[in-house]
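All chains are identified by letter, namely A, B, C, D and E, in their written order; residue positions are counted from 1 within each chain.
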Amino acid sequence: ATPATPTGEPIGIGVVGPMTGWATVYGENVVQGVQLALDEVGGKYKDRPIKLYIEDTKAEVEVMVTKLDSLKQRDKVNIIIGPSLGHEGDAAPGWAKKNLDVLMMPGYAAPQDMTMRDRTPNIIRAGWTADQVIFNFGQFVAKDLKYKKVIVVGQDYAYPWGQAAGFKRGFLENGGQEVKTIWHPVEMLDFSSMMGQLQTMAKDYDAVMYNGGGAQVIAFWKQWEQYGMGKLYPQLLGGANIPDVPILTEVSESFEGLYSSMHYADGMDLPANKKFKEDFQKKFNKQADAIALQGYDTMKVILKGLEATEGKTEDIAALEKAILAVKVTDSPRGHFYFDEYGQAVQDIYIKQVKKVDGKLANVVVKTYKDVTQFGPYESIKDKYMSMPPDGRDYPSGNLSEYTADITKYLGQSYVDDLKKNGGWK
Amino acid sequence: MTKEGKPALTVRSLSKSFGGVKAIDNVSLTLDAGCSRVLIGPNGAGKTTLFNLITGEIPMDEGEIYLFGVDISQAKIQKRSELGLTRTYQISNLFKELTVEENLYLSLKDKQWNSQGDFSSLWTSWMKSYKRVQRIEEVLASVGLEGKRQTLVSSLAHGEQRQLELGMAISSNPRIIFFDEPMAGLSPNERVFMGKLIRKLAAEKIILVIEHDMDFALSLTDDVTVLDHGRVIAEGRPEEIKSNPEVKKIYKLG
Amino acid sequence: MFLSTFFNGLTLAALLFIMAIGLNLSFGLLRVVNLSHGAFYLFGGYIGLSVLKSTGHWWLGVLCGALVAGGIAAIEEIFFLRRVRGKSTLETLITLSMAIIISDLIVVIWGGNPKMIAIPKALKGFVSLFTVNVPIYNLFLLTFACVIGLGLWLLINKTKMGMIIRAGVDNFEMVSALGINIRLVFTLVFSLAGFMAGMAGVIGGTFLMVAPGEDWRILTYTLLIIIIGGMGSFGGTIIGSIIIGLIFSFGSVYVPQFSLFLMFAPVALTLVIRPKGLFGRTL
Amino acid sequence: MGEAILKINNLNSYYGKSHVLQEVSLTVNSLERVAVLGRNGMGKSTLLKSILRLQDIKVEGDVLFKGETLNQAKTYEIAKKGIAYVPQGWLLFPSLSVEEHLLVAYRPGKSKAKEWNPERIFELFPEIAARRKVSGTKLSGGEQQILAIGRALVSNPEILLMDEPSEGISTMVIDRVIDLCHQLTEQGISILIVEQNLELALRVAQRVYVLVNGRIVYEGTAEDFRADKESQHQFLGV
Amino acid sequence: MRKNYKLWALIISILLLAAIPLVVDQFFITMLIRIMYFGLLSVAFTFLAGQLGLFSLMVPVFMGISAYTIAILESKEILLFPYSVLVALGIILAFAALAGFLVNRSKEVYFLMLTLVLGQLVWAIVLQWVSLTKGTNGISGIEVPHLWGLGQGSNVGFYYYTLAVFSLVVLGLTAIMRSSFGLKLRGIRESESRMIMLGYNVALLKWAAFMISSFIAGLAGIFYVYYSGLINPDSISLNSANQVMIASIFGGVNSIIGAILGTGIIKTLEIVLSGSTQRYLLIIGILFLVVIMFAPKGVIDIMERVMNKLWKGSPYDKRR
């Protein structure tokens, strides 16, 4: 009989993500994170070299599906890291459900339904969901910053919708009064007109949260500064991606003070983080960020899974089981483990941009422990899932409409509890 | 001169100006069935413009046009063509990147073709139809392009293109043909040859010819119209024309 | 708010105008559907950024960005476009290939992260005009566009150059037969277009940002302008820029969700009614 | 008669594989008017195009202009040396007005007084003077021919190559063109003319060449050829 | 036989394609299916470009419309398989009829531009009409219909369905191009004014050609949505239109086979190169330049030249 694990045979792992075009960072950095994690183990598991198959999705889902097919059919890969973008993530479960013999671990993609309403056992995410990292930010803005009315300006697509939804829940259930959303096309040419609008709204609203990513942040920030918006509003609030490391290296010092939240902050004071950042800088000659970290952590989880199954990548079900049982304690972002849906349960950090050693960095100002993808709804997750998925205008940002909606789905008692406690416990 | 007496083409007080220039100024003209006519006049007199107006390629400012009794003043070009009107162009307007043969196929509009409409022939390998092939060969022979059947029009010499231009006009068996300087660009030899062809057509059909070559023009027909500055300045038989003082003046005839 | 939106629309129009007038040089005059114009823009922008970072001189950055983009355009013209002159399909494909190559080179050289070009000190801040705050940089952009526009207008309409170019497009060989080195003229014009794009890249990159993908985005808007204004029409480019600039700024204030639709619908309508754009020349 | 201004030795021209001109040798002396005759498709236009290196014609053999070889020169260099061309089919520019056609081609002559400039063309041909602002290709056929001749003249060439200048123009204008040709040689411009109109050709030219199937089959003075009815019949089918 | 050697070559290649699943693995078949549905797009493009000389940048839009129709109908469970496809085809024809009417007067670059803008307009609508199309996310999870031979695990069945339609389209178009209809279109390409003078209904002919092209693109959409299981605004973006144009010109814009060849080569390269280098766009870009420089008529031209060398006397037709 042939041995189940032929020694010396390479283990193939696919990585898909955008490697060219406007979204290059989201693919490239994941790959680099993965490579760094592999370096730490000498590029192999026991005596089996780990071979990476890197495929470009060009940020297009049809291409992604083709690349997934070729990884599986041509390269005979059983484990795939990726995808990294929201719309890719939305389409991925469709493919995963048809290919149950492949384990998929999203790189940086954050749609919550990947591991919630669209769940399939072969998707396990060591990363984040758009809502998970921001529920508490809403709470923080309402309770700690004490803002009542906030404008959320965002890119018009699923990931910012998810963030806005999570934020609305946290904010409106903890004393906030209104969240006004302004959606702009994913690629907005110029924000100066929007500044004019924000100027006139300044008398009615307390703060602005920008809820986009990448180049748009820079374009937004540029006009924000040009128009002297800092005089009309307090410091900007940001969606999770706003103060990404690549952005911090570009913007000026007046960016200081911006609040946001995520499951990682580059300025975190953990030895593992220090080492990660140093190693990354040394290897790739650029600063590490959350995207790279995601690749890094995911690869490490896979390695742990391999250890538990002794390298049997053929039996995906066993590997999945092993990975779900993994508890990571030494990640640069702290610790995390998986819920039964395959989503990481982790600490969420409220971070603020501050100057550290003369450079802007995200520093943790508050930590919420062991947040699941359901956040405060962990105990009533079935009710939560019965609500419609996040949308452009769902849930509503108007307090009374919002309350009516949660009364309908979560019950009167839930609303009463909120009132009684003045928010979440 | 009237042979049958029924007018085939009637143009009444036609006018057209381009910007400030009156290219055609109140022109009236009748062409009787079975008759042919020559149109002469100095450069820029408005001869080509008159053709363009009658074929409908440019819209007129004022006037009326009747073709075989039908009012076509505002009709589409297609309609005019259906009534049996064809023309040649002074500046060749051929299908340059098609072969000589293909050019002729396109201009062959026999009955069958029209009654079937544009799409029924979608699947038929109609080019090979015996009748059509024969007709193409006839036309090629009559304009002297036998050897050039498969040649791309863009690699024909200028004179050869002029020959094809004529072939295009006659192949569809029209009832009335307008020739715009058919002899231009032809060598003396070809002139003789094509002259015969046009003379034959003049006898069979109704033709209207613009020509600077007087000898040839007057050998075609006895009906002459002289145009100058957009106006008809004389009409009649060659002798009458030659003795007309205005014509004398512009042609500097003794 | 109406007034400020209006001003912002004009500013955007000014930036787009600098792009569009360059594209219209190659498009309207040389009849080359130059899809690499956006790539010239972005490449110029990145060059400007690098120069600024290493020397600290913004103006030097503008100049270098423009020169490098112009140089690439010249190379594209001399080595590729020239050989397929007049075959519009091939010209288009060449410019498309160049655009792809340059886009990818940008990622290789500068990486995939978006970058910001700092506004030079002298142009920072804002002034109050008719009750609205107008950033100085916006005023600068407007002035700059006017200067460029005037210069080009003089070049095209008041020198023999314009005539030569138009004639060259109509019949390349016949112009050579008149004793004019039309190849050189075309190379110069194409490089000038590249030069303008590179310059717009630095100036626009400072106004917006530079990031992979910007090339196509800017190109699309620029194309819209030329389509609406009419190819080869100078006045059309001005009007087109203003229309697009205003639609964009008002759209993004009043109906941001439909701003894209608002952008394309009027252009499509214009083309259906006037297939050659508002001021397109009938050729 | 001065020495040769244009000399062609053993010229062979090909369109792709088709060998159109074969061993053509021809001379135009300074201040001479020479005509090339031949039936349609014999290679007359190809000859002029070969001198100017137009189109994708493969040319072998020598072309000398004032003793200087043109073999390596580009079209615009050749034209700049003082060769002007009136093409068959006129090749006007749709986007240029009549006036612009003349302006774009204008190159100042050696003496201001005798040079051809747009104004002088307009004086000579009032029929196009009235249409200055109109696009060149909107003119009537004959007017276009006139404009094409004018465009060639304003470059103040030393030799003028004309390809069937009589096409499209009326008899009165033909007379003027013939006069013009005589006047030009007096002013120092030599002429090489390709013509179908035998009458015109013989009135203009001092010497004629006849092309048949790409070869020169006859060379002689115009008077001789006028008298030689047999050659006329044999080569031109008159 | 000799005169029709291209037709025979075509039929033989189709037969060969039909035999392929017997010898190759799943992945190869996946690739072929993909090449075929993208190939249909290039064919649709080439038909207009080659016959009429009109470059349409809205070819992918028609693919998108049929794919979206099916996706919306099926994901909202309004209509299921055979009916959804029928409705999609109907909608395609309706859209094509309208668009064909709108673009009818445009020519040359102006046609290219108008189709670009109309394409972008549809793209903008799809992107921003979120309640219907789900915006940038697109619609995913569309199931392959339960037909004979189609099922989980193997894509051979799907391959044969695609091949059947693909071959029909290619043969049909070849027939159209050889028919009088094709010649008339080429006549319009060369001189519209003369065609009108000859009495043809030029507007109708152009419109019909546009309908045919759009219908083919619509067919591609059906295979696209069922095979990939999703549809997303990216598929109808300007970039997709560019890709179709590139593939067609690369292969040879005057020949259907050329267009398919171009698509095949590019899609294959994408897969092969992108696995080994991240800079494959650079390589592909350079490759285009090289091909254009040495074979301006596209890859098909190289093929034909080689064929000509190998098989002396084959009627290599330098006309097209």
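The criterion applied here is as follows: contacts are C-beta pairs under 8 Å (C-beta built on N, C-alpha and C of every residue); 3 or more make two chains touch, one makes a residue touch a chain.
Chain by chain, the UniProt names read as follows: B, D = ABC transporter ATP-binding protein; C, E = Branched-chain amino acid ABC transporter permease.
Just so it is clear, the model here is predicted, and its values are computed rather than measured.
S.K.: Any chance you could name the chains that touch chain B and chain E both?
M.R.: Chains in contact with chain B as well as chain E: not a single one.
S.K.: Out of A-C and C-D, which chain pair has the most contact pairs?
M.R.: When C-D is set beside A-C, the one with more contacts is A-C.
S.K.: Quick one: chain C and chain D, Cα centre-to-centre, how many Å?
M.R.: 44
S.K.: Between chain A and chain B, what is the gap in Å from one C-alpha centre to the other?
M.R.: Chain A and chain B have C-alpha centres separated by 76 Å.
S.K.: From the mean C-alpha coordinate of chain C to that of chain E, what's the distance rounded to whole Å?
M.R.: Computed from C-alpha means, the inter-chain centre distance equals 32 Å.
S.K.: When the centre of a chain is set as the mean of its C-alpha atoms, what distance in Å lies between chain A and chain E?
M.R.: The mean C-alpha positions of chain A and chain E differ by 38 Å.
S.K.: Which positions in chain A touch two or more other chains at once?
M.R.: 20, 28, 156, 185, 392
S.K.: Give the residues of chain E touching no fewer than two other chains, as numbers and ranges.
M.R.: Where chain E meets two or more other chains at a single residue, that happens at 127-128, 281.
S.K.: Among the residues of chain C, which ones contact at least 2 other chains?
M.R.: Touching at least two other chains: 103-104, 257, 260.
S.K.: Return all touching chain pairs.
M.R.: Contacting pairs: A-C, A-E, B-D, B-E, C-D, C-E.
S.K.: Of all residues in chain A, which touch chain C in the complex?
M.R.: 20-25, 28, 156, 182-185, 187-190, 192-194, 196-197, 199-200, 214-215, 217-219, 221-222, 226-228, 246-247, 249-252, 286, 392
S.K.: Chain E touches which residues of chain A in the complex?
M.R.: Touching chain E from chain A are residues 19-20, 28, 53-56, 59-63, 65-67, 69-70, 73-75, 86-87, 90-91, 93-95, 97-98, 156-158, 185-186, 391-392.
S.K.: Okay, in this complex, where on chain E does chain A touch?
M.R.: 25-27, 30-31, 34, 127-128, 130, 135-138, 140-142, 152, 224, 228-230, 232, 234-235, 270-271, 274-275, 278, 280-281
S.K.: Within the complex, which stretch of chain D touches chain B?
M.R.: Checking each residue of chain D against chain B gives 15, 38-42, 45, 88-89, 127, 130-131, 134, 138-144, 146, 164, 167-173, 196, 198, 236-238.
S.K.: What residues on chain B touch chain E, complex-wise?
M.R.: 55, 57, 77-78, 81-82, 86-87, 89, 93-99, 102, 105-107, 109, 114, 118-119, 121-127, 152, 172
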